[in-house]
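We just call them A, B, C, D and E in the order they show up, numbering each chain from 1.
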Amino acid sequence: MIAAAGAILRKDLRLELRTKESVPAMTLFTLTVYVLFHFGLDRDSLDGALAAGVLWVTLLLAAVIGVSRIFAVEREQGGIDALLLAPVDRTSLFLAKAAALFVFLVAVEVVAIPAFALLLLGPGLAGMLPELLAILALGDLGIAAVGALVAALAAETRARELIVPLLLLPFLVPVLIACAQATEPFMRPDQGPEDLGRWLALLTLYDVVFVLLSVAVFDYLLED
Amino acid sequence: MIAAAGAILRKDLRLELRTKESVPAMTLFTLTVYVLFHFGLDRDSLDGALAAGVLWVTLLLAAVIGVSRIFAVEREQGGIDALLLAPVDRTSLFLAKAAALFVFLVAVEVVAIPAFALLLLGPGLAGMLPELLAILALGDLGIAAVGALVAALAAETRARELIVPLLLLPFLVPVLIACAQATEPFMRPDQGPEDLGRWLALLTLYDVVFVLLSVAVFDYLLED
Amino acid sequence: MVYAHETGHFASIGFAAVDAAIELDGLERRYGERVALRGVSVRLAPGATLAVLGPNGAGKTTLLRVLAGLLRPHAGTARVFGAEIPDERWKVPAQVGYLGHEPLLYRDLTARENLTYHARLHGVDRSRVREAIAAVGMERRADEPLRELSRGMVQRLAAARAVLHDPPLLLLDEPRAHLDPAAAELLEPLIGRGSGRTRVLVSHDVERALGEADVALGLRAGRQAFAGNPDPDAVRELYR
Amino acid sequence: MVYAHETGHFASIGFAAVDAAIELDGLERRYGERVALRGVSVRLAPGATLAVLGPNGAGKTTLLRVLAGLLRPHAGTARVFGAEIPDERWKVPAQVGYLGHEPLLYRDLTARENLTYHARLHGVDRSRVREAIAAVGMERRADEPLRELSRGMVQRLAAARAVLHDPPLLLLDEPRAHLDPAAAELLEPLIGRGSGRTRVLVSHDVERALGEADVALGLRAGRQAFAGNPDPDAVRELYR
Amino acid sequence: MYSKGLIPLAGATVVTLAAAMALVFFYAPLDADQGFVQKIFYVHVPMAIVSLCGFVAGGIMAIKYLRSRDPSWDMRSYVAIHISIILGVGVLATGAIWAKASWGHWWVWDEPVLVSFLVVVLLYCVYYPLRFSIEDRERQARYSSVFAIAAGAFVPLNFAAVRMAEAYTHPRVLSQTGGNLPGEMRLTFLVSLLAMTLLYVTLWKLELTSKHASMQLKRLKRKLAEREAVAA
């Protein structure tokens, strides 16, 4: 199972490296929103809840772009059929697609978060790196899991491009709340964790629930 | 030529109605940016230069989404070959694609501008409708013309998704400036046109130049 | 078990009383309201070839996809090596090689990358990839992305993909389309009668298909027109 | 001109001294560094059929695409009805019907919508659409999106598309692929020898292609192996 | 098959509803600072609770469907969600009226309970296009079930997240186990809740019955058409 998931993931990453279909679009999107805000604000910088909100909503929207493309190549070039023909359970496919989304999100964040700090954030980010990484990792995991599930749900429907965001964004509201709330204290001038544990626990709960749930139900998707 | 352009345009609109690939994504994008701003701002509403800037940058980015997809169906299902086989000059194709982009932009704006007024704008829009429509029409025309040109330029390159925005956004800076400047006075509390003629003239000049230029160079694109 | 593997005839050992590779009984499949298959009943012995004939839209591809486990039957039963489709479907895929209208390969990956991917999916040794590429005569073009290859080359690679995991059952949907005569001969040991595999062969080259087949199935608008050893009249009638 | 139109033989009237529908001289085409065609020289009289033979990757599709004006030749000359490609390319398209590996139709549009679109592009009367759909036997399925049709049905529609504007020259790349025998016969008056059109026919069914052809062109790795009336040995050699 | 027990159930519903109504208007005391508008509480809150429970129930029925592959479970899940959405719209409407009366705004964005409930309703609205863009019955049932399960799990998670992000203005009665409700209000509330629950179940059964009947009719019609086709 892990071997098959690894094979699918490697293939997806190789295709992305070759065609550059998702990550550039996602990155560009986040960067332009930050630039827009940079010039759109009266103030020089953001902090606190506002900064956290802008950061996370933007990442979430970038995720929508990634999710709506994650099955495109399979749909168009028969990859799903090929997978169904192989002795690979759907769980591997889910793991691979979620992992690919995770990698894409990380790739975007590697550019987007420094850009955010540079363009918008008042207080520096250096002091909060470990905590921020933990929040990002848990948040990305939730987004990736739900994203893969939603992408599979929408893959076989008409008006896919419409259904993906309509499904994904509500599903991710708890992730948004938790991530934004967890990041917020670090973005205040008087940085300091506050309730961090609580929010990380909520994120962990969300991730566990949706990873398990997706693994359980994914078998019923994508078939015939 | 007009007949052929009409045929292509009708086909594109019908496909969009059936698959809903571009307009929903574009609209959703603008709406979420406005919602983001709505919550992201400390103040209740925007006005003046800032409002105009946010409005237009967002529309521009939505246009990027539309542009990057405008040739997708042709590329994937052989439409370009079919067009090259027909006694249709490239000008018709350009006109059709630019018109399709124009229609998509208008469709987005029908939703996005009221949403903008509702969510972000301080002063009402009612008093400036005719002028706003003129600015929008000229702006959309410029975006559509340059967009069709850029889409054709990028259609046959690798890493298309990367090249479209990189080409399109710089090209549209004059449109952005002109439109934002033209709209700005209307978005101030003391509404009133100011330099409107100058900016409209600039927009018209831009449109004329790029439509003619595109028509002239389009013949060299998309072939072989 | 080694013995069973070598002769191929006892390949079904382990399943109780399985002496048919394929058993269809009253098979039905619809798309929405449209019936694409109805009342298809046929048996095929292991190692034999079933030719599926019928006009365009008769349901041939649909039948293959049902057998491959890609489409779920709506009524009737379908068994592949004794495993019922779709309930015991998970037993099927490793045993099936599918070569259809579409190559099921990624256009932006090279031949080698595509096949290596499939080898990993099937848990097959990577040395098989080199062998398979050689077997379809594509060594010299194995490292170019598929979009730069000719249609027939892609078809060869699709065949290589279908037999990569050495499946006992082959589902072939016009396998010779786009292949030049030499390539068709080259692929004979892989997907032809000489392969010793059980085969379901869809083809519009009626003579040739009947020549290769042990059993023939005629479909017309989804209904079974004949099954078994058809007389020429029945075949002619099929396309009328 | 009416006369010319009716017989088809004088269709080239108006061009000086054109008595060949197709004239190739030292044609060359590369993809990057790879030579896909080199030194191809052949002539075809109006109304005649040229069979293009060769193994996979020989350059057959490339040749058709050059003739259709879809690819630009890199050296040599190519003339279609006296118009030089690519310089006088704008004269060509309306005269060419192309039926290739891909149907060149939109999967989300219906048969009728697709053909109506092409009719508009070609400035052809819309009544031709109904005729063409009827001619390929697709009246009953004309209002379903293509993705719900079988592969052979799509191929029929691609043929209907290719002949919609009644082109004097047909470029056919394995036109019978996916067609059932009855459909192949049904399409004979449209794309077969009986159509009276000049045809360039790529096929892997060597016998049949030679039987239909006036002139044969053998390609091997882009080079011309023979042109004219080949002896069986030359053909056998071609695929070796 | 679904009509079994429908009539007694409907009777009980009517009786309980009448009782609740009576309690609301004649028994429960008038709220000290909100006055008469507060009565909407007895519709609004039970409706919200029942609607949310209905969503979760729809998810559980969907699990049953995937376990058993019995299409009637999918139907049940679909109808449960359908009615929950209708009640959900009712919650938004009554809440908005109440909000206008007591806060002076139809809607406040910085109130997590409102926003999160809106998010839930919006999410479930996507259920319809998702479901009806799939033609094949079996697949439709499978995809809808997967959605219903994921969304069902989402509902409590969403509320957990929202509750954790402190609420400001929206009252929190149940979370304080209704402790600060005066006894009479509490009784009235509980009866209203029961009435709303019964109403939900009745509507659910009714809808299932009519769906079942119309499906039966369709099947008969199709059989007839087929027989005619064979005869012709």
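Keep in mind that, in the parts below, a contact is a pair of C-beta atoms (placed from the backbone, for glycine too) under 8 Å apart; a residue touches a chain by one contact, two chains touch by 3 or more.
All of these numbers come straight from a predicted model, not from anything done at the bench.
*Asks:* Give me the set of chains touching subunit B intersected with the set touching subunit E.
*Replies:* Common neighbours, subunit B/subunit E: A.
*Asks:* Compute the shortest path length in steps from subunit C to subunit E over the network of touching chains.
*Replies:* 1
*Asks:* Farthest from subunit E by Cα centre, which chain is it? Let me know.
*Replies:* So the farthest one, by centre of C-alpha atoms, is D.
*Asks:* Using the average of all C-alpha atoms in each chain as its centre, how far is it in Å between subunit A and subunit C?
*Replies:* 39
*Asks:* At what distance in angstrom does the C-alpha mean of subunit C lie from that of subunit B?
*Replies:* Between these chains, centre-to-centre, one finds 49 Å.
*Asks:* I'd like the Å distance between the centres of subunit A and subunit B, where a centre is the mean of that chain's Cα atoms.
*Replies:* Roughly 28 Å, centre to centre.
*Asks:* Do you know which subunit B residues sit against two or more other chains?
*Replies:* Residue numbers touching two or more other chains: 19, 39.
*Asks:* Quick check: what residues of subunit E touch more than one other chain, meaning two or more?
*Replies:* In subunit E, 136, 138 touch at least two other chains.
*Asks:* Which pairs of chains touch each other?
*Replies:* Between chains, contact exists in these pairs: A-B, A-C, A-E, B-D, C-D, C-E.
*Asks:* In their complex, what parts of subunit E are in touch with subunit C?
*Replies:* 135-136, 138
*Asks:* Could you pull out which subunit D residues touch subunit B in their complex?
*Replies:* It is residues 68-72, 86, 90, 93-94, 96, 98, 100, 102-109, 113, 117-118, 120-123, 145, 161 of subunit D that touch subunit B.
*Asks:* Subunit D touches which residues of subunit B in the complex?
*Replies:* Within the complex, subunit B touches subunit D at residues 3-4, 6-8, 10-11, 14-15, 18-19, 73, 77-79, 81-89, 223-224.
*Asks:* Which subunit E residues qualify as touching subunit A in the complex?
*Replies:* My answer: residues 66, 112, 116, 119-120, 122-123, 126, 129-130, 133-134, 136, 138-139, 142-143, 145-147, 149-151, 153-154, 157-158, 160-162, 164-165.
*Asks:* What does subunit B use to touch subunit A in their complex?
*Replies:* Residues in contact with subunit A: 19-22, 24-25, 28-29, 32-33, 36-37, 39-42, 50, 53-54, 57-58, 61, 64, 68, 76, 158-159, 161-162, 165.
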